[in-house]
Structures are given as structure tokens and as C-alpha cells.
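These are the structures, in C-alpha cells.
The two complexes that follow have chain A in common; it is paired with chain B in the first and with chain C in the second.
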Partner chain A sequence: MQLDWFIIFSLVTASLWTVMTRSLLRSGIGLALTSVILAIFMFRLNSPLAAVFELSVCAGLISVLFISTISLTHPLSAQEKIQHMWVRLARFWFLPLLVIVLVVGLLLMRSRPQIHMPLAQDLKDARVVLWNFRQIDLLGQAIVLLAGVFGVVVLFKERQKK
Partner chain B sequence: MNELAPQLFWPCTLGIAMIFVIGLYCVLFTYNLIRALIGLEILIKGVTLLIILAGYITAHEALAQSLVITLIVIEVVVITVAVGVVLGIRKHTGSLDARNIRNLKG
Partner chain C sequence: MFSWLILLPFLGVIILNLPFRALMRRAAFWLCVFIASVQVCAVVFPAVCLWMGKLDILGYILKINFTLDNLSRVMLLCIGMVTFTAVFVERQMRRDEDKFFNFLNLLLLLVAGLNGIVMVRDIFSLYVFLEIAAVSSFILIGSNKDFAAFEGAFKYIVLSVVATVLMLSAIALFLIVAGDTGFSSISAALKSSPDRFFVILAIGMFLCACFIKSGLMPFHGWVPDSYSSAPASVSILLAGIVTKAVGVYTLIRVVSAVFGFTPAIKSLLLAVGALSVVAGALAALGQRDFKRMLAYSSISQVGYIILGLGSGTALGVAGAVFHLFNHSVFKSLLFLNSAAVELETGTRDMESLSGLNKRMPLTGITSVLASLSCAGIPPLAGFWSKLIIIIALWMCGQYFYACLAVAASVLTLAYFLSMQRKIFFGKLGEGLENVKEAGFGLAFPAVLLALVTVGAGLFLPLIIHVFIFPQGAIVGG
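After this line comes the complex of A and B, so read on.
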């Protein structure tokens, strides 16, 4: 139980660091760290298949995508960095305060909820559910993937020179 | 219902609420387009955790996992296309600042 508290605390801290850090590259790395911690927590919540997807796709692929994009943009000059730092600080100083207020508020109205949910059927295998009962979802995934591929092709298509 | 679910419900809800606030704040208060996408990613992490928690509490982990896999696939596609759009904007305007793309503002 204490380990779960620690993991949740790490998850929130990592996501806060991702948002608050000045460098975009560190933000990308922080996002990968957040995904890794979330994958560990998903594994603890009896969801190993989804945890593997989170680890490989979100912590791996999306982080690579973000870091590649950041590397394609030019860095700020020293003067711009200082100016940008103060502007960011003016916009983001409120966020840690908001998180603390939220924690205190939620802790004050803490109550143990009575959860009455129907018991699970004998569907324990995610693969069985995904392939046998969620086929429409799979079709949707395939369509979304195709749409994404066509979108990227259209976005990066070089215009023909006349 | 899983035995540990009532004990885990409260800390998880607290964590999810904070992740939502952090992601939403990032999306609303940043002008950098890449950082806005990172905020969107953090919001999606909160949704992912919420679905997994709901599956754990109701002992429908298999269904929750299949939904999360679908969510991850959609997330990847959305982020890839959005990154492509951001790079196009960067090529067109020379910056990643959202204030520079207000040409359509009425």
C-alpha cells in the first residue's frame, strides 16, 4: 500500500516536472519518465498487457517522436532564454500552488466510498476480450491508423516544382 | 471487486485529479505548441490511469486493458499527426509560438 502511495507521488511529481521544466528536451524526457512510472503502476493494478503497450509505445515511440521534433527546431539564444524564463515563471508559478491546494482540499473531504459494482464474468484474458468482444474497436484502430498514415503523407508531401 | 480496491481508490483518485490539473494547466497556459502537445499527453495519462483503476476496482481488468490499448493506438496517431502539423507551422511561420498563428482570428 505504501509502495502504491510512493508510485502515485512519483507519477504526479514527474508530470509536474515535465510541465514546469524550462527545457523542451527535459520536458520530453520527463514525459517518458511519467510513462514508465505509469506502466509500473498499471502492472501493479493487474494490467500487464496494457503496461507493456504503455512502456513500449508511450515511453518509447512517442518520446522518440517528441525528441526528434524538438531537435528539428532551433534553440533560443542566451538573451531569449532569460527573457523566456521570466515569462514562463509568470505564467506557471501558480501551478504548484494549485496542486497543493487540490491535495489539501481533497484530503479534507476524504471519505471512503462504498463501491458496489457487478462482479466480473469469466473474461480474464485481455486478448480474448480484445479479439472476440471488441472487434469494432479493432476496426476503429485500423481506420484511425490509416487516417494517421494518410495525414502524415499529406503533411510531409513535397510540392512539385513547376 | 478486488480486495485492495477500497484502499487504492482514494490515493489513485487524488493522483488522477492532480494529473488532470497539471495537464489542463499546461494546455491552457502555454504558448509553445510542442509543450501544449506534452500537456495533452499528460491529460491522456490521467485518462489511462482512470480506465485501469476502474477495471481494477470492478475486477474487469481484461476489458479495461483492451480499452487502454485502443486508447494508446489513438494517442499515437493523434500525436504523430499533431507533430506533423506543428512542424508545418514551424516551417511556415518560423516559430513554435501559438500567438503567431492567429491569422484566422476574427
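After this line comes the complex of A and C, so read on.
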């Protein structure tokens, strides 16, 4: 249980670092790190298949794509970095308050009664569920991927021409 | 037998991008017009739907079975009509053939997503199709690739992600409580679950997600920027069907089929609806930008739909669905008119426009019809839907909200009359002498939408028992 809390804390810290860091490259690395921690958490929740997907696709493939793209950009100058830092500090002043509220909320949640989980009478393999019972969701995923491909074409193709 | 409604646009995208691409590029426009027309015909003429059902390959292969009720049919009709309009508008507005082709591909994917939303009866599948619609919408909003477009798309993405997190968290809790994600399973489990805290938390999160997706106050931050910065055809899609299907329809469906009309949910819906109706109308009054004014007006009109839903009665829900249909039609028409004005004058600033009715009479007339319908002037369709909502509120004892709805209708009339006076009436403004009608691509769908607005109002006795009142049947499951 203590280990789970530690993983959750690490997950939140890594994701905060991902969105707060000024460097795009560090942000990309932070995203990969977040995915790795999430994958560990999924393993601990007895979802090895989801963990493998998370590790290979989100921590692996997507991070490689992000970092390759970021390597094509140029970094901010020192003056721009300082200016950017102040803008961000002014914009996210409320974040510490939010963290306090969330921690208090979590502590209050711990005192709540345990949730009544339904009995797992016919627990099925994730692959069986995915291919035999959730075909419509798989079709949906295929359409989302197709929309993503068109997104890349629409938003980036003309820039290549320039 | 209805999975072809998803299969057809999906296959459309595949066909457009297979070999013979150059040939298909030329046919892309007509393919989209055909798909939108078939969808409208399938709803209006059930025989077409039965005939198309024979092509239900997807259902046969994937063993998927969709069900259509009256609410789904109304949504499919709206999706078909607005898609038809958007294709014509984009053809007229977009000169770049590559961009036009990409728009049509994304539009077909958006239609597949929206059709899926209105046909599934599983909360996780609903979420998957919501994501299809959301991803397609982000790209379409940002497709102009200027600063305003990216800002609008970014705001939509950020708030949409918040909604997604809330929705997924709620779905996870529903799965824990019910052990399944089907509407009926969750509905049964919610009534008998001993975990009241988790049930209330999950319902609250899901409702918040729907409010964000519907652009209701106080979750409306993305609406004015996204609507005003998107290309004209995308604004029509967003106002006409995207927020309606993704937010409002989802809200109506889950409240009626899953959560039930409990006193707490009704109170929440009434409060959020009333806030949106009044604040949206007040914000619309102070706008100079034509499209931003229409965006705030949309927030206000969606508020009416939520007020009708919040009454929790069959009559109120029927009024809400009828207003949803009407809003889809007249707001698409108004955005279409704003596109025509912007195309011809090069501006959306209402203060710098005047007397356009002399140069653009068709745009002026259709704009007056849409505005009056939106403001609830008889005998146009908007009047009847607002009247049904107000009667429903009064009959269930919500006198305050009924009076508020009437008062806000006066505000609606005020900002639309102000808009008409500034843009279309009075002396022709300087530099507008050479302005003319925007062309067939904008005039044709404008006339069709105006006819629907007028027809639905004038022929109400013919449709009230076959189209409007049956919508109330969803109350109680």
C-alpha cells in the first residue's frame, strides 16, 4: 500500500514536471517518465497487457516521435527563458493551493468506507474482451487514428512545403 | 442494421484515399453531398433506412447491433442537414483544393463519430465516439493555421481534456459499481448500489464533463474563441451539431437512460440552464464581432434546452429536443449568413457594416427569419419549442425558471434586432457599394435551412404528434 502511494506521488510529480518545465526536450523526457511510472502502476494493478501497451507505445514510440521532432526546433535564449519563467509563475500561482486541496481531499477520501467491488465471477482475458466484446470500440480507435493521421497532414504538410 | 451510418462515412474516407486519388478528389464533394443526403433521406423516409440496412456488412462482421429511437433519429437528421450545409459552404469559401480535400476527409470522420455517439447504448463506446468527434474538431478548428485558429483550437483541447478526464474517471467508477458499461446495467446498479458517495461523485463528474462539452456557463470558456476563430464551415458544424451531439445529446441520453431525473439532478440542470440562458444573452448583447455574438447566443440557446431537460417531464424533454433541432437549423443558418457577409465585405465587425440588405437581400431575409426564430417569434419553429419548454416548466411548478426563460427571450430579441439593424438595415455603409450575394454555394443551403425553419413552424400541427411529442417517451428510461 505504501509503495502504491509512493508510485502515485511519483506519477503526479513527473506529470507536473512535464507540464511545468521550460525545456521542450525535458518535457518530452518527463512524458516518457510519466508513462513508465504509469506502466509500473498498471503492473501492480494486475493489468500486464495494459502496462505493456503503455510502456511500448506511450513511453517508447510516442516519446521517440516527440524527441525527434523537438530536436528539429531551436532553444530559447537566456533572456527569453527568464521572461518565460516569470510569465509562468504569474500564470500558475494557484497550483500550490490546488495541491494542498487535493492532498486534503485524498486524506478525507481515505476515511471513507471501502467501495463494494462486484464479484469477478467470469473474469475474461483482456484479449478476449477486446476482440470479442468491444469490437465497436476497436472500430472507434481505428477512426481516431485515421483522424490523427489527417491532423498531421492538415497541420504540418504545408509547413514542409515552406 | 444501422451500422451503415458509421460505415458509409468511414468507407467514404477509405475510397477517397485509395488509388485513383486524382479522380476521387474531383468526386469528393459529391460523395460527401451524397452521404449527407442519404442520411437525411434515411431519417425522413424509413424505407431508405431499411433498404440501406441490407448493406449492414459491419454489423455482420463485427456483430455490432445499434438501436435507433426518436431522439437518435432527430440527431441523425440534424447531422445530415448540417453536414450538407457545411460541405457547400466550404466549397464556396475554400479556394485551395488540397485543404478542401482534407476538410472533406475530416468531415466524414467527424460524421462517423457523431453518428456513433447517437447510436451506441454503452457509456464507454459513447466515450470512444466522443473522442473521434473531439479529435476531428480540434483539427478542423485549427485548419486555418493562424494565431486565432490555434488559440481557439487550444482552448477547446484544454477544456475538452478536462472533460475527458472527468468522463473517464466517472466511467471507471460506474464500471466498479455496475461491473459493466451498458446503459441499462449502470442504471440498475446506480439504484441499488450501497456506495452512495462514489455514485454521486461519478454522476457529478460525468455531468460536469457534459456541461463542458455543451459549452454551458460557467464551463463556456472555449466556445466564443473556437466558434469565432474557426473557418466558416467549421463554425457551422460546431454550433449546429458538434456541441449538440457531443454535449447536449449525451447529457439528455445519460440523464434519461442512466441517471434518472432525481430532484438533485433536475435542480442542477435548471440552475446551469438558467445561468447559461441569461448570462449568454447578456454577453451576446455586448459583442461587436458577428460570430462571437452568435457564439454567446448559442450558449444562451443551449441553456433553454437544458431548462427543458431540467423540468424532468415528458413535455419538457420533447420541447428540449425540438429546440435542439431548431437551434441546429437556425444557428447553422446564422453562421452561414455571417460567412456570406465576411466573404463579401471582408469583416465581421458589426459596427463597420450597414445597409447590406440592399446588396445581399437573400442573406438579409434568411438572417431575419433565423433571428426571429431564435428569439421565439411566432409562427417560426423557435417560438413553438420555447413555448413548449416554458409550458413544461410552468406545469411542473418551476415558475421562476419559466419567467426567466420568457425574460431572456426578450434579451434574445434585443441582441438579434440590434444585429439586424447594424448589419442589414439602414443606409448602405461606405465602401460596401460593390458588395453582392455570396454565390450559389452559400445561397442554396441558406434557402433550404430557412425553409426548414419556416416549415417546422407553419406545419407544426402535422409534425407535433409524429416528431415532437414522441421525444418525451425517453423520460423514465
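FYI, the second predicted complex is superposed on the first by the 135 of 162 C-alpha atoms of A that agree within 3 Å, B and C clash if a C-alpha of one lies under 4 Å from a C-alpha of the other, contacts with A are read in each partner's own complex, and residues count from 1 in each chain.
As a working rule, contacts are C-beta pairs under 8 Å (C-beta built on N, C-alpha and C of every residue); 3 or more make two chains touch, one makes a residue touch a chain.
Note that the structure is predicted; figures quoted are calculated from it, not measured.
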First, second, both or neither for A:L155, with chain B first and chain C second: both
Which of chain B and chain C A:V144 touches, first, second, both or neither: both
Partner chain in contact with A:L76 - chain B first, chain C second, else both or neither: neither
Which of chain B and chain C A:I136 touches, first, second, both or neither: second
Partner chain in contact with A:L49 - chain B first, chain C second, else both or neither: first
Partner chain in contact with A:I40 - chain B first, chain C second, else both or neither: neither
First, second, both or neither for A:L106, with chain B first and chain C second: first
Which superposed partner A:V12 touches (first chain B, second chain C, both, neither): first
Partner contacting more residues of chain A (chain B vs chain C): B
Which superposed partner A:I67 touches (first chain B, second chain C, both, neither): neither
Common ground on chain A, meaning residues reached by chain C in one complex and by chain B in the other: 112-113, 115, 117-118, 134, 137, 140-141, 144, 147-148, 151, 155
Footprint of chain C on chain A - complex, ascending: 112-113, 115-118, 134-137, 139-141, 143-144, 146-148, 150-151, 153-155, 157-158
Complex contacts: residues of chain C adjacent to chain A: 6, 10, 13, 58, 62-64, 98-99, 102, 105-106, 109-110, 112-113, 116, 120, 122, 124-125, 128-129, 131-132, 135-136, 138-139, 142-143, 145, 176-179, 193-195, 197-198
Residue ranges of chain B in contact with chain A within the complex: 1-2, 4-15, 17-19, 21-23, 25-26, 29-30, 32, 34-35, 37-39, 41-42, 45, 48-49, 52-53, 55-70, 72-81, 83-88, 90, 96
List of chain A residues in touch with chain B within their complex: 1, 4-5, 8-9, 11-12, 15-16, 18-19, 24, 27-28, 31, 34-35, 38, 41-42, 45-47, 49-50, 53-54, 57-58, 61-62, 65-66, 69-70, 72-73, 91-92, 94-95, 98-99, 102-103, 106-107, 110, 112-113, 115, 117-120, 123-126, 128-130, 133-134, 137, 140-141, 144-145, 147-148, 151-152, 155-156
